[in-house]
Structures are given as structure tokens and as C-alpha cells.
Amino acid sequence: MFKPLASPALAQFVAATADRNMTKAAYVAVANGVIMILLVTVDPAYQAAHRWVDAVLWGSLAFFVFEWVVRLRHAFVAQHGWSYAVSGRGLLDAVAAAAIPLALILGADPKTAWLLGAFWMLKVVPGIPGLRQLRRVLVTESGPLLSVLVIFLMVLMLASVALYFLERDVQPAGFGSVPAALWWAVATLTTTGYGDVVPITPLGRLVAAVVMICGLGVFGLWTGILATGFAAETRRDNFLKTWESVTKVPFFAALGPAAIADVTHMLRTMDLPARAMIIRKGQAGDCMYFIADGEVEVDLPGKKVRLGEGAFFGEMALLGNNLRSANITTTRVSRLLVLDLVDFRMLMARHPDLAETIDAEAKRRALENR
Amino acid sequence: MFKPLASPALAQFVAATADRNMTKAAYVAVANGVIMILLVTVDPAYQAAHRWVDAVLWGSLAFFVFEWVVRLRHAFVAQHGWSYAVSGRGLLDAVAAAAIPLALILGADPKTAWLLGAFWMLKVVPGIPGLRQLRRVLVTESGPLLSVLVIFLMVLMLASVALYFLERDVQPAGFGSVPAALWWAVATLTTTGYGDVVPITPLGRLVAAVVMICGLGVFGLWTGILATGFAAETRRDNFLKTWESVTKVPFFAALGPAAIADVTHMLRTMDLPARAMIIRKGQAGDCMYFIADGEVEVDLPGKKVRLGEGAFFGEMALLGNNLRSANITTTRVSRLLVLDLVDFRMLMARHPDLAETIDAEAKRRALENR
Amino acid sequence: MFKPLASPALAQFVAATADRNMTKAAYVAVANGVIMILLVTVDPAYQAAHRWVDAVLWGSLAFFVFEWVVRLRHAFVAQHGWSYAVSGRGLLDAVAAAAIPLALILGADPKTAWLLGAFWMLKVVPGIPGLRQLRRVLVTESGPLLSVLVIFLMVLMLASVALYFLERDVQPAGFGSVPAALWWAVATLTTTGYGDVVPITPLGRLVAAVVMICGLGVFGLWTGILATGFAAETRRDNFLKTWESVTKVPFFAALGPAAIADVTHMLRTMDLPARAMIIRKGQAGDCMYFIADGEVEVDLPGKKVRLGEGAFFGEMALLGNNLRSANITTTRVSRLLVLDLVDFRMLMARHPDLAETIDAEAKRRALENR
Amino acid sequence: MFKPLASPALAQFVAATADRNMTKAAYVAVANGVIMILLVTVDPAYQAAHRWVDAVLWGSLAFFVFEWVVRLRHAFVAQHGWSYAVSGRGLLDAVAAAAIPLALILGADPKTAWLLGAFWMLKVVPGIPGLRQLRRVLVTESGPLLSVLVIFLMVLMLASVALYFLERDVQPAGFGSVPAALWWAVATLTTTGYGDVVPITPLGRLVAAVVMICGLGVFGLWTGILATGFAAETRRDNFLKTWESVTKVPFFAALGPAAIADVTHMLRTMDLPARAMIIRKGQAGDCMYFIADGEVEVDLPGKKVRLGEGAFFGEMALLGNNLRSANITTTRVSRLLVLDLVDFRMLMARHPDLAETIDAEAKRRALENR
């Protein structure tokens, strides 16, 4: 039987793709595929290297078909096959795998069929870092954004009708119908300004000038709304990310929940890979670090000290020494909490007990390393 | 007699239109009408389908005339006829109903007369969601916005005079008068840049470069002002909307007015239609909900529980369980208050009594649903 | 002797112009003058109406000469003549008055000489409302704005050199020298995009694409900086304006200085002319008013009540009645302090004694007006 | 031997350049060099003045070679030669000095070789004032900025493929391949809109309209993100700069650390050159000053008083006198802390003891200067 044999490899593959949302292989396949689609349409380039181009394209396609089939099979094995197949993710995988073969079978010109590979790019979407944040902003601010869009459309329509009325006789080619005038209006209101169609009557130009200034206004409103939404979302996001980590650091354990909320507002989360240098000896320092997860190595003269979860470092630079006194690197993937000089002082002022703890530790270290 | 017969239907119709600011029928009529106006001006399309196009146009017009007459009659019945007739709303209705017939009677070309239907779109204005908010921002920030507009106009005028002086001899067609140069200036200062008129002398280009950079500056100022105003307005708007709802939730009744103001800042109002899924089983959760108005249904294994006004749900996800444990949907149009994880923690820290209430309820539910 | 005769009229004139920064007459002269300058350059219009145009132009010029001479004379009478003559204001007045006659005497073409009238517009500058605020923002943020400008110029130069190198052979007309390429670069980096010069080599287009994206970035930075500066400035400005007024309202006199600072943050100043309607009967109300300066008239059924400095009104709408119950208009120029519903609730929560005062007054009024 | 002789001069030169990051001479050389590079490519100008142009170019080059050699030598003398040579700074100096001679030796056309002088401009980078701040914003916000960039690229690619498909048959010149369509897409999505390639089919125009509106959206997101990041960074920066100074002013020494953090948020740092006028007699005043570093001279009638580090002035304008009563100028480079009227009142309200100190001093001064 086939299933017991193939399953572990499949499970592993699916876990890998599910884990980081897409394996690196898929990214490579997308990148290669898209570049080749560009080349397919450039006649001289394609004729010179059509074997290579075709090979990469078919390779990418094969990968996506394989990926889809494997995921589909795995989903059915786990008995939630249809829910994957009709989910956004599953449909996208299906399109990426099946659209091009289908088009070829239906007799489309190969050059045209491969264009459908542009949809492969959508496979990258779940991997975009701040996307969830962006979506939340758009959802939260959808009300005002829609208002601006409606205003935008109304200005568009009124401007088109006005320009059609004013310019149709002198420029039948450019303003011969309202849809034609709409093309001019959208290029003007977005301040794109192709210049392929331009009003020439004085009144037409007056209306056009008003449309352009409205364009600036729409732009400004849109940006203002997004900026407002984004500021709120950023605050929220940082807080959530940091709260999880703060509660893991014993240093803050003594604080009550109100103080923890306070501290959380001051800290910033930073994720680092292994072997990343956090502090370079001799640099000016304006923040200290708490280890929420992972481990760092302090490169002292003559010995190496390792600090684990819950430890802190870099406090000396904030207590008077402006220059860092040792190199510090991560030994494995770590999550640090960064406390800026600004907030360090605020925190020390509000919680003198924390200040004492840090002071004592700093003195102990200074003695030890003398 | 006519009045007693027609009145109830009229009253109902007017109530319906007044209630949601415009019936759905009116929206449909506007959308259809505007699309047909686009088609009227496209000769081949119009010739192919002129019967249908004309039918829809006359239909829309008839609807607006009917709507106007009904409202006018109703207003007179209620003895404030003239106040409606001369209000912004009434005048708009009059224009929408009477402008096109009037133009046709006065002998205008039908194709031109129908263009007046573009004003129908303005009937949508009162229905735009965030419009009031936008207007408030524009009013509050009108001072600085006007300053920027004046600066904009001065740069425009000075640039036009300079370019007229510098380019009039080499490009009499494009810069032969200051108004002609103004056309160039407005297209440049708004960064639209049609390119139909472009300076060609070195000095003219230098001035043009400065104008473009000023354009960026004007843009930036405008946006900065609007963003500032918008941020303030959003805060204010959310507060007002939420305050009303908070005072209806018994859970918060025990709090003093200062604490209610506090809580109000943390909550977000969310309006939902009937049968909307709020929580999906298995999803990650980062907020809890209070029912300000309406009802929800919790889909527990083996039974369905309904929660009404003043109840809360989703708190378990915030108290440790990261995944939602049941589907929850609204049973009718509902207004919920959303408390984000961020603010939930802040609130619990400041009001330990609320924390206890929620904890107790969560435990009771956990026991019950075991 | 001339002086004693003319002085009172002069003093009055200067006081009038100094008071509101520019008399309305000057604004009219500027507006008329500028419109006529536009017309002078439009040949058909000028030929048709050259008498009128000339008359208005000479009239405006005469006004500015008169204004300058009067101010100069008055300044010398008051014995600080030179300090006015060499101040920015005095120099501007001198240019507005003397530049055109001088140009005509020096033999300039009249059409060209009148162009100097564009400087008349600068006389409007001191009268622009939020200008001081804008200037403060630009000064405070000058550091980062300059940084962005330097980056802008560097991208500009590097892009020009690159494009010159890449395109000079294929497009000697458009990219034949670095200054010519600079013209293209500035039109591209500001996203104006005239399209008169466009790269056609693949590499040139790649560089151009990067330049366009940099343009978006520069734009974004610029706007971000201005938005930040503007938000800070607005807060500061409102506070200053309001503080002055708050201290004059006896209602707030009982509060300590810390509470006054608190209250000041919540209030907004509003300046109104005489006979302005503040509240319209039947409208929805979401704020209350304190009279810092001036007087209002409440139009109650059967009688009119006047409220003077220090009184408040509109509180009923915030205490339960959503609709305004009377028309209220100013009787003379007044300054009101506006308290939004949001802040009203916050204030009442923090200062229960104020809440009582307002409640008592509201009840007294309700009884009285029954 | 050469070393002992040359070293002091070298040390001095290097110290000078290192100190302010670049001597003024280098700035002059860069400015001159870049202007000449512009001229080299303008044939008539170059032919007219090629001797001067060449002289300045060779002079600039000689300066950069000299600067590089001196720094390199000094670095080796100080025994960290290679670390300078391979640092960003050292490599830039090397390119500025060696690229042009190398190109000339390798047989490049002189006109082309001098173009490499455009890299000289990068020597200005470390001297740009707010650059560190800008970089921090870009780093902090890199996540969302990258997201927007990825979205930008995806829209770009999808639009190109769509337009290629729709327009390739009717416009083989402009949309004959996907890379060609990409050129159109980037000019459209950034709202640059050259207009050299423009869709002409109805469907193509529809897609183009959507792309333009997406362009506005991308713009808005980008700006919103940068504005948010910038606001946070500005707050942080001001705090750091001010904290250092506040702790030096004895007036604030009595305050505890929490109050100092409070005060720091209210003050603004201002660096002034010698002989700068801070306060002009008779002006309206809305802030007071503390001297963190340096000295000022008060020009009282009949005598001049000097105030040194830790003193304050300008407080009278905030205590009732709206007009400044004396000219005050710096005697040497000074750092002042500015306290706005807004914050002055807030501070006085929270720390009545400070209010008394200032009051007493103001009275003492008023008596003394009577």
C-alpha cells in the first residue's frame, strides 16, 4: 500500500510548508517563475534561451503541482480535505497548479498561458511580515476610507461630465464621450497626469485645475486617515508582543499587574538570529536589554560569560559609562526586550526598587570584571 | 377626497426614505441612471441599445420626480412644506427631478440634457458613512488649510508671472499670457505634470524645479494638517459612540463616572448584522466582547446558549486559553463593545473587582460546559 | 502748516491699517490689480478693454503709493521713520509702490513693467491666518526637513549623472548634458512626470524606476515630518489661546492651577462675529459653551434673555436632552470656550463640584422657562 | 626621517576633519567639483572656460587624494590602518580619490571619467544633521515599509501582465513585452505618469485606473507609516538631548528623578552661536530660558549683566509682562533650555516651590533694575 510508506515524508513536507507558511523552495520557484514569465514575452531573449526558460517554467509549475497534490492528499488523510480545498489558501494553490495546464489544454497560445503564472506571486502573500497589521488598519479605518473613496468617485464623475460638455466639440477624440472623459479625470485626480488628453478650452482648464487641487485633498485625507490608523495599530501591536515576553522575565515578576502594563509600554521586542552581535565594544550605548528567550555570550577579557533567560545586560552604559565595555553576541535564536535610555530613567524614577536591583548587579559585575 | 386615502402609504414611504436617509431604491436609481448617462454619450453603444438606455433613464427620472412630489406633499401635510422645499435636501431633490425636463422643454439637445443627471449622484451624499467626521475635520482645521491654500495660490501666481516673462518669446503658444502660464503652473504645483506645456529655457526650468519642490511641500503640509485633525476627530468620535453603549452594560454600572470615562477610552464599538460570525472555534483570540445591544448565540457541543444585552463573552481567550472554544454568531442586528487584550490587562490591573467578576463568570462557564 | 491738519486723518488711517494688518481696501486693490495683470497679457481681452484695465491698474498703484507715503510720513512723525522704512513691511510697501514706476521710467515695456505687480500679492502675507503657526512648524522641524532636502538633492544628482551616462548616445536632445538630465530627474523625483524627456534604454528605465520609488519615499518622509511637527504645534497653540480665556471665567476660578491646566486642555476657543447663530433650536447638540468675552442672546418663547461674560449655556443638551431648546445668537463680537461632550463627561467625573454647579443652574433654568 | 616632521600637522588636520566630520574645505571642494561636473558636460560652456573648469576639477581631486593619503597614513601611524581602510568611510575616501585617475589610466574618455566625481557628494552624508534620526525611523519601521514595498511590487507585476495581455496587439511598441509594460506600470503606480506609453483599450484603461488608485493607497500607507515612526523618534530624541542638559541646571537639582523626567518632557534644547540675540526688547514673549551651557549678556539701561550656566531669564514675560524689557545676547556658543508658556504654567502648577523660586528672583530683579 502507498499511504503508510509516503506519509512521514509528506507530513514532514507539509509541516515545513505550514510552519513558516511557505518553504524557501516555494519562494525560489515563485521568483524564478516570475522572472521567466518576463523573459517569455521578450522575443529576442526568449529565442536565444528558450530551452532554459521553458525548463525553469515547467520546473516551477511542477513544483506547485507537487505542492498542491501533497497538501491535498495530506488534508484528506487528516480528514479535513475539503475544508483545505475550498479555503483561500487551497484555492490559490489549485489555481497556481492547474490554471496553466488547463489553458494549454484548452488550446491557448503558450506565451499567453504562461502569463497566468503571475498568480504564483500571490503565494508570497501569507509570508509578508506586517500584512496582518496593515489589514487591521484598513479594516479599522474602512469607514472614513470608504467615505473618501465615494467622494473621489463623485468628483470623478462630475468632472468627467463637465469636461465632456466643455470639450466634446473641440476635442472629439479625447472627450467624445463621458467614459473617455473619465479616463482623463482619473489620470488627473490621482495627479498621474499622462498628458495624452488635456483640456484646451479656458473653462475646461479651470475645471481641471479644481480637479487637481481636489486630488491633493483626497490624497491628504487618505494619508491622514491611514497615518492615524497606523499609529494606533503600532501601539497595540508592540504592546501585545512585549507583554508576553515581560511576564517571562523574573526581574519584573515582583511588579504588580498595573506596573507591568506600565513597563510593557516602555519595552520593545527584538528578535535575533544566532550569532548576531548585539553590542560592540567601544560603541556609544543608549539602551539596555533583557533576555526574554535564548542566550547571549559576553566576551570579557580572558573569559566568556553566558547569560540566559531572564538576565539583563547593557545597563552600565545607562548608569554613567557611555561606551560599551564588551562584545555581546547571541548563541542561538533569541528574543530580547530593549529598554531605551529615555524609558530607563522614567522606570528608575517610578520604581526605585528596580533601580536598586540593577545598581547592585552592575556593581557586582564591575567588581568581578576588574 | 384624496388626502386621507394616500396619506398612510406616503407617510410610510417618507418615513422609510427619511429613516435610512435614502431608500435602497433611490441608490439603485442613481447607480442605473449614472451608468446610462455614461452610455448615452458613447455613440455605438447608444445606437445599439437606445431603447433600453432611454427606458432606464426615464425610469430613474420618474422615480426622482415621484420621490420629490411625495416628499413635498408630505411636508405640506405636516405643515412645514416650505422649510423642506428650501432646505439643501429639498433643493437637491428639486434639481434631480426638474432640471432635465426643464432643459428638454427649453429645447436642449437630449444628449446634453441627460448630462444634468450627474447631479443625481449628490443624492448619495447624506448616506456616506464617515462624512460628518470628515466635515468636522475640515472645519476644525480650516484655518491652517486656508493658509496653505493661500500660499499655494501665491506660489501659483508668482510662478506663472515668472514663467510668462521667461518663456513668452520662445514659446508663445504655451506661455503667451499669464493665464496660459497659470495652466502650466497648476499642473506642475499639484505634481500632475501633463507635459503639454513645458519650459525649455534654463531659467524657466530652474523656476519650474522650485515650483515642483514647493508642490511636495504644499502636499506635505496639507497632509500633515489633515492627519493631525483626523487623529483628534477619531478619538473624539470613538469616545462618543462608545460612551452611550458603556452606560447600558450592567457590568460597568458599579464603576464611578471617572472610571467609566477610563473604560470608554479602552473600548471600541462594533455594529454587526444578524447571523454574523463573531468568533470561530479554533481561531486565536485577542479580544473579548460586551453586548451593548442585540443578542448572540454560542454554539456549545450539544446545546446552544443565547446571551443578551449586557452579557460578555470571549473572556476565556484572554485568561489563558489562546484558542476560541466555540462558534459565536449574532442572532439579530447587534452592537458589541470590543475590549482588546492590551486594554483588558490594563483594566484588570486598575479595577481588580472587575477582574474578579470576569474570573468568576469564566470559571462558572468552564464548569458548566465541562 | 500741513502737519496739524493732516495728522488725525493719517493717524486714523495708519491705525486702521496697522490694526487688522491691512485694510479691506488694500485687499481689494491687490485682488483687482492681480486680475488686471492677468488680463494685460491676454491680447484680445486687453485690446477690447484696455481703458478699464489701465484705469484699475493705475488706481491700484496709486493706492499703494498713497499707503506707502502715508505710512512713511506717519512713521517719521512718530520718530521711528527709518526703522519702518527698512523693516520687511516697509520694504515690501516700497517695492509695491515704486517698482512699477521705476521700471516704466527706465524704459521697460509697459506690459512687462506691470508684471512687477505680482509682488503686490505679498502684501496679503501678514493677513494669512495660520501663518505664524506654519512658520513655527517649519522652524522646529527644520533639521529633519533639511536632511530630507539634502537626500533629495543627492538622489537628484546621482540619478542625473547615471541617466546622462546611459542615455546620452541614444537621446542627445534630452540627455545631452548633466544639467539637461537634471531637468528630467527633478520632474521624475517629484513624481510630476512631464514626459517631455523619458529614458528609453532598459538600464535607464531601471534607474528611473528606482528614482520614482525614491520620490515616493521622500514625499512620505517630508509629510511624516510635517505631520509630526504640526500635531505638536496645534496642541501648543490651542493651549495658549484657551488659557487666557479660561482664567477670565468665574466658573473655573475655584479650581487650583493644576486643575486649570487640566481644563484648558479640554476647551477649545471660538471667536464669533456679532449676530452669529451659535445654537439652532431643534438641532442635535454635543457641546456646551462658556462666554469668555462678549454677550449672547437666548431666544426663549415669549422673552429674550441675555448672558454676559462668564456665563455658560448649552449644558442641557449634555445632561440628557439631545435637542437644543432655543436659538442662541451673539449680540457682539464674542469669544466662546467650547466644551465637547467627551470632555464634559471627563470634567464632571474629575470635578464633581463643577458638575453640581452646572446641574443646579440647568435645573433653575428648566424651572424658570417652563 | 619623514614621520616626526609631518606628524603634528597631520594629526591636527585629521583631528580637524574627524571632529566636525569633514572640514569646510572638503565641503567647498565637493560643491565646486560637482558644479564643474555639470559644466563639463555642457559643450558650449566647457569650450568657453575649459581651463578654469579643468583647474577646479583637478584641484578638487587633488584635495581628495591628499585627504585620503593623509588619513590613511595617520591611521597606520596610530596602528589601526586597515580598520580605517576597509571601513565605509575609508572606502568612500578611496573611491573619491582613486576612481577618476584609475578610469583615466584605463583609457576612459575624460568627460566620462569625471562623471565618477558624482560619488564625491557621498562625502557629505555623515555631515547631514538629522540623518541618524531618519535612519532609526527607517529601521524601526522597516517591517511595515517592506510589506508595503512587497505589495507595491505585486501590484506592479500583476498590472504589467494584465496590460501586456490587453494592449500587446494594439500597441506592440509600448506593451510588446511584460518588461515594457512594467515601465508603464512603475510610472503609473508612483503617479509619475510620463504619458509616453498609455493604454488605449477600454479594459486596459480600467485596469490603469485601478492601478492609479492603488498608487494613492501605497503612497498613503507609506506616509502613514513614516509619520508614525517619525513622531515616536522625535519624542525620544528630544528627551535624550534635553535630559543631559536638565541635570546640569541647579534650579532643577532639588527635584526628584520622577519630577526631572517630567520636566525634561517640557523643555526643548536650543543651541546658539556666539553673539546671537535671544530676546529683543519690546517683542512679545511666550517662553523663558535656562542656561545649560555658555553665557548671555542682558543689556539693561546703563549697565550690562552677564548670566552664566544654571541661570534663567525671560521669566518676567511669563509672569505678567507680555513684552520683553531688555535685549539679551549670547557671549559665546551656548545651549539653552526653552520652557514654553504652556509648560511653564503646567510646571508651576505641579511644583509650587519652583514657582516661588522664580517669583522671588523675578521680584529681586525688578527691584534691582528699577
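By written order: A, B, C and D. Residues from 1 in each chain.
Convention: a contact is a pair of C-beta atoms (placed from the backbone, for glycine too) under 8 Å apart; a residue touches a chain by one contact, two chains touch by 3 or more.
Since the model is a prediction, treat every value here as computed from it, not as a measurement.
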{"item": "Chain D against chain C, contact positions shared by both copies (same if over half, else different)", "value": "different"}
{"item": "Of A-D and B-D, whichever chain pair has more C-beta contact pairs", "value": "A-D"}
{"item": "Length of the line joining the C-alpha centres of chain A and chain D, rounded to whole Å", "value": "28"}
{"item": "Approximate Å spacing (C-alpha centroids) for the pair chain B, chain D", "value": "40"}
{"item": "Contacts with two or more other chains, residues of chain D listed in rising order", "value": "179, 182, 191-195, 219, 223-225, 227-228, 231"}
{"item": "Complex contacts: residues of chain C adjacent to chain B", "value": "34, 37-38, 40-43, 112, 115, 118, 121-122, 124-125, 128-131, 133-134, 137, 152, 179, 182-183, 186-187, 190-196, 218-219, 222-223, 225-231, 234, 286, 340-342, 345-346, 348-350"}
{"item": "Chain D-touching residues of chain C, taken from the complex the two chains share", "value": "143-144, 146-148, 150-151, 154, 157-158, 161, 164-165, 176-179, 182, 188, 191-195, 198, 202, 205, 208-209, 212-213, 215-217, 219-221, 223-225, 227-228, 231, 236, 239-240, 243, 256-258, 260-261"}
{"item": "Chain C to chain A touching residues, read off their complex", "value": "191-195, 223-224, 227"}
